[in-house]
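Look at the two complexes coming up: chain A is in both, with chain B in one and chain C in the other.
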Partner chain A sequence: MTATLSRAGPVRRAWLPVLRKLGTSLAVISTTLLGLLVITFVVGRMVPADPVLAIVGDQADQAAYDRVYEELGLDQPLPVQFARYLGDVLRLDFGVSHITKNPVALDLARVFPATLELATAALIIGTLLGVPLGVLAAVHRGRWIDHIARVVGLLGYSTPVFWFGMMAILIFYARLDWVPAGGRVELYYEGIVEGPTGFLVLDAILAGEWEVMRSALMHMLMPALILGYATTAYISRMSRSFMLEQLHQEYILTAQAKGASRHAVIWKHAFGNMRVQLLTVIALAYCGLLDGTVLVETVFGWPGLGQYLTTALFFADMNAVLGAVLLIGLISIGVNLLCDIVYRMLDPRTR
Partner chain B sequence: MTDMAVPSRRHRLHAWLVDEEVTSGRQARAQQWYRGFRSLTSSPVAVLGLLIVAALILAALFAPWLATHDPYRQDLTLTLLRPSAEHWMGTDELGRDVWSRLVYGARTTLYITILVTVIVGPIGFLIGAVAGYAGGWVDVILMRVTDILLAFPSLVLALAFSASLGPGIGNAVLAIALTIWPPVARLARAETLTVRNSDYVAAARLQGASMGRIIRRHILPICLPSIIVRLTLNMASVILTAAGLGFLGLGAQPPIAEWGAMAASGREYLIDAWWLTTFPGLAILTVSMAFNLLGDGLRDVLDPRNG
Partner chain C sequence: MIRTTTLIGAAMAALMAAQALPALAKTPSDQLVIGMDMSSMRGLDPQELNQFEAAEIVANLYDRLVTLPADDITRVEPMLATSWTVSEDGKSFTFTLRDDVVFHSGNPLTARDAEYSLRRLVKLGLAPARDLTQWGLTAENVDQMIRATDDHTLVVELPEVWNSDLVLYSLASFSTSVVDSALVEENIQDGDSGRAFLQTADAGSGPYTLRTWRANDLLIAEAFEDYWGGAPAMTRVLLRHMPESTAQRLQLEAGDIDIATRLSSSDLDALSGNPEIEIQTTPGVGFYYIALNQENEILANPKVREAFRYLIDYDGLANSVMRYYGRMQQTIVPAGMPGALEENPYSFDPARAKELIAEAGYPDGFTLTYYATPVTPEYEIAQSIQANAADAGITLDLQAGDHIGDFRERNYEVFSARTGERLPDPHAVLQSYAQNPDNSREANLAGLMAWRAAWDVPAELQDLVTQAAHETDPARRTELYTTINRMYLESSSPLITSFQRLDARALRGAVDGYQGHTTWITSWHDVTKAE
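Here is the complex of A and B:
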């Protein structure tokens, strides 16, 4: 009886801080989103190209020009324009792309799965290679595996990813002819599989189209490996330093003293304690991959968000550029916030 | 007799640098620098980084002497020549000598890196130090802005900025600087928080020192080592971002020799003329790696806590 009472007390009182924390989090989220929109709005306003001319063309008379100028709301004061922009974004209206003539939101929905597929493949590669490499490097500090991890990390941090892609094309496509040069799938397989997930490899498996699956996998191999390498570098460096940090803790000594096996000390005790940090790093690596995909997609002609963005940049299609940048920003901020929340939930020290 | 004097002077200098009985502030500072330099050069990889950076600077300074041809002279009878004794790294699609363009490209790289660092260092420090020292609303607002920019993938943000500013080397510098100051500000804030409430800062405040003076005289020296390390490591990513922008056509505009743009122009001839992309890419890789090595070495000397 007394036990339940004393337990109920703190629980009830514990609600207030939780609510307050929730309030702060909401404030943080909304200001961050607002900040993101301010950035894209300002970027859109600073563009040297005249948005009116882009619509009416340079043959239009002054009356037509003025009409479009007013229709775009450019005669309004900036705060009004920003409010209007805010309303448009909330309705998912990013304007129309000048190149594809489609609403930008539709275009983004079409190209995004390809990027997600590539980034996910790279993340899987990076995690599967990076975590063991980092952990082993920390455990065998100063030995050959540590040196390998150092070189992998150093090269991963220093290699221009677009150049890496071109070198891979030069060697594995032009010289050895092991893999296709670019694109997502052979031309004649295109459009066969229109699957539920948008991940071509998965969709092909679900549809039982093994030839398409093989082709898609071969096309993904090089870009995914190159992005995966950069991710491996990042994840292995972070895992190494997390592991070293854990190995210096005194509970490791305790575990060793009570006779736990080396394997158990490393993978159960130490690794168990770095999992939360590692999760954050992997999530941040996902954001970093959005950066890498822009260049890698351009090199490999991968029809995703990155290629969409660079093509739009090339033709000064600002609606498409801003839409893509906004989407990437939203994903990054979303992942960052998610990390924060997961970290708070899993790591008792932050409570 | 005279050649005896030279080593003895060198010995005297060395003795002065390691003498344990320091007689002046100047000597103490010189000794500190000397010890730092010695421990930096005790790491072979840091020395390698230092040497490559020195080579980059020399290449930029003496580009006209190192280049074998005029990097801008086109000759359509000499297009896409293989590397040879005449053209060490071959020629490009306009018949320009790739080696000479590579050497002049060192100037572009160095120009961008130095300019970004000179802009980002003071601004990042000031924002971070003011946020950390002032606290309260100033801190909240400055750090929110920092966080928003930090959440963005830096290349995409730089792309957006340089798309709106227009292509060009100056705008690329501005765009990269805008994306790269937040980590510096974060670092400066964290360092400032550790000393903000210390006794010597309190003493300075009681003597009536202004915020500007405290930040300049008491907080800057504390932050400086870790900021220098951060900026050096940043240079590696500045080079990669600049090359990425150049590759996408948003950096230095033709005919300026820039490594990223050179690699990009070789893309069309990738299969037939491997040398057009290979050499500029190797140059980017080498220099960016050198700054990473140097930054790691400097961290071990200046800022061992974060090692």
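Here is the complex of A and C:
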């Protein structure tokens, strides 16, 4: 008996921590999501909008009102409504949206790729411009490039994106006619490319529809540049301060003293050490972009997650709100998990 | 440094590439593009929806027994029915239907489909069901009252005699659209009468078929080549969700959309000087109103109610925010309908209002809470009234928010908003503004404006409204409505009307034949565009 146990011992000891860690992670994730749903549900019920009136119209008589009120399940006590919703979610049924009349899962599968496409483009722009700009500003501290970076950062930080959006439309659409005003693609190309990924540019390439792809790219240009600029501002300011912090470390002096080139000091030694911090900032920026950038989506008529969630909130479309919030929660958790994994690859101390 | 230059260079190159691309195509001459705010659309089931934008779409996907031309909304014209007769006792309508109509599915349209659709409307009992239930049809009696006697004959019977025009107007409403009964039956899920299916699908015979609908994004309708009235000129009608008024204006000016709807007052002003743009206003069956809750002791005083009529800056509003949104009117019958009066006896006079409230016993004024919805132009009107009331010694604590629910439950003091009915007849307004059979709280007649204002409408006025709806002689009806109109004005009603509503749209000059419809059934069939 003892022999068997001791023989099984090492195996169990090796598996236990992994299992325990997995269990803890799952518990944390499900508690987070549950908390998110509870808060959203309660807040959603406090929104002073009546979903019934939105359906029947304000002239409707009481009988029609009561009928829809019951159909929406609003006659049930709140805990019962919530329990029913949770039960459905566990069976992966997210209900039907009152506004679109589609299953919420179907709606999300439509609006999320639009946001993901735009957010990814903006993040690429923001990272490619922001990181070098921030690093250069730190290295040339107090010189012209630093001043330029500061102005770029300040403008990007302090100007609301919808203002940039409106200005861009006024100048580049209304005056110069270089870019389209809004939407994901020229109206006449709608419906030519549908699926499989939901990323219109990619789908158009897959389908070989070059005109559609060009139109989709042109439609993405302004919103992606504006969001990309706001992201550039954020990332460049953060990169600058991370780089400054590294440049003041003693190991930099050591590296310089041992005759390492300037390029190697900055990009190999200093940059290598700020990668983990930078990654956190970029991940945060990505999460922010993925939550849906309501203002830019509204200005450019971009049918994404932000617009979907806002409309749903305004009209108390609870199934849609809860579904969207759940998705955002999952995205945040997913991006954070991804970050954790990359940390481990980059930073030996976290292993 | 080299890297920076490369990056800047790449960015410049991208911009140059963008410049080099040719200007994007404007709307083709065989397609109509309409910008609209779709956020209040809730599905496309004709027997369930009760919403302006969705009604226009459904009106073009489906046909009805009869229709009303946009330029003369009181003239009933044939649509699916080629002719109809009214029995001598006035209770029975017999319609003869066309025999050349097919649904988009290919199924032939018969009187059975019409019977199915009208019964469905009544039995579902949702918001638009009132179009028929107000004439005495119920879920219990509708199977006997509405019946197809053969494939081309439909009989509609009513328990009482009503003015036949009223009944025919109802049968022109989008809610009585004829659905493809076989197709709907195939798509019933869990006994839902096909509601889930019809919300997002098209089971009609109208001039357009539904190609794509993505809520709050885009709707594409395609011409139905086999339409019995001839295929429409526009091969596609594209509706794009554009909640921003400014975005609609810019795209209209640039020619990317042909029609802009729900524009703000300032954008309409900006467009009014543009020779390429036509601004079209369509009168609605409804009013901008102030409601004074009669459960409040101060407001129950007739002199106080009268005073409020002097606090509205009629001319000032008419020349500013209301220029495109309303037509000044202080009486209760909309212009152009039987019994309408041209006179507007009240004028803006805060001094007179001050006198009246002093006579009412409030020489030092009073304080009341005022609810208004923060949307244009309702909120601008509320702000103007609040300022004018202050001049007369009345403090109105203006609270912006969605208070329609409070108004329906009588939980307010002063409230203002606007109404919109669809029946082109004085009865549509009066049955709500001037009828309240039981004013008790328990009665909960929340659908009636008069009940919401807790107004115990004089019995004589209520009787006249009922009488006028039953009256079959047109001359006598006009006489009755004139009397009612005067009586309403003299009763100093707590539902004070100031402007009849207008719905404004802006159209590019090339668009012809698009005429906004008072009863929401704007047709796309005859729209053409100049090259």
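Just so it is clear, the second predicted complex is superposed on the first by the 258 of 351 C-alpha atoms of A that agree within 3 Å, B and C clash if a C-alpha of one lies under 4 Å from a C-alpha of the other, contacts with A are read in each partner's own complex, and residues count from 1 in each chain.
One rule holds for everything that comes next: a residue touches a chain if its C-beta (ideal position, glycine included) is under 8 Å from a C-beta of that chain, and two chains touch if they have at least 3 such contacts.
A quick note: this is a predicted structure, and the numbers were derived from the prediction, not measured.
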item: Which superposed partner A:36 touches (first chain B, second chain C, both, neither); value: first
item: Which of chain B and chain C A:343 touches, first, second, both or neither; value: neither
item: Which of chain B and chain C A:166 touches, first, second, both or neither; value: both
item: Contacts of A:82 with chain B and chain C, given as first, second, both or neither; value: neither
item: Partner chain(s) touched by A:309 [first = chain B, second = chain C, both, neither]; value: first
item: Contacts of A:174 with chain B and chain C, given as first, second, both or neither; value: both
item: Partner chain in contact with A:271 - chain B first, chain C second, else both or neither; value: neither
item: Chain B versus chain C as contact partner of A:69, first or second or both or neither; value: neither
item: First, second, both or neither for A:295, with chain B first and chain C second; value: first
item: Chain B and chain C contact sites that coincide on chain A, given as residue numbers; value: 48, 166, 169-170, 174, 298-299, 314
item: Complex interface listing, chain A residues touching chain C; value: 48-50, 53-65, 67-68, 96-102, 107, 110, 128-129, 132, 136, 145, 166, 169-170, 173-174, 177-183, 186-188, 190-191, 214-215, 218, 221, 298-299, 301, 303, 307-308, 311, 314-315
item: Of chain A, residues touching chain B in the complex; value: 28, 31-32, 35-36, 39-40, 42-44, 46-48, 154-155, 157-164, 166-167, 169-170, 174, 287-288, 290-291, 294-295, 298-299, 309-310, 313-314, 316, 318, 321-322, 325, 328-329, 332-333, 336
item: Contact set on chain C toward chain A in their complex; value: 3-4, 7, 11, 18-19, 21, 23-25, 27-28, 31, 33, 39-43, 50-51, 125-127, 129-130, 196, 199-200, 211-212, 214-218, 220, 238, 240-244, 246-247, 250-251, 253-254, 256, 401-402, 404-405, 407-408, 417, 419-421, 432, 444-448
item: List of chain B residues in touch with chain A within their complex; value: 144-145, 147-149, 151-157, 159-161, 163-166, 236, 240, 243-244, 247-250, 260, 263-264, 266-267, 270-271, 274, 277-278, 280-281, 284-285, 288-289, 292-293
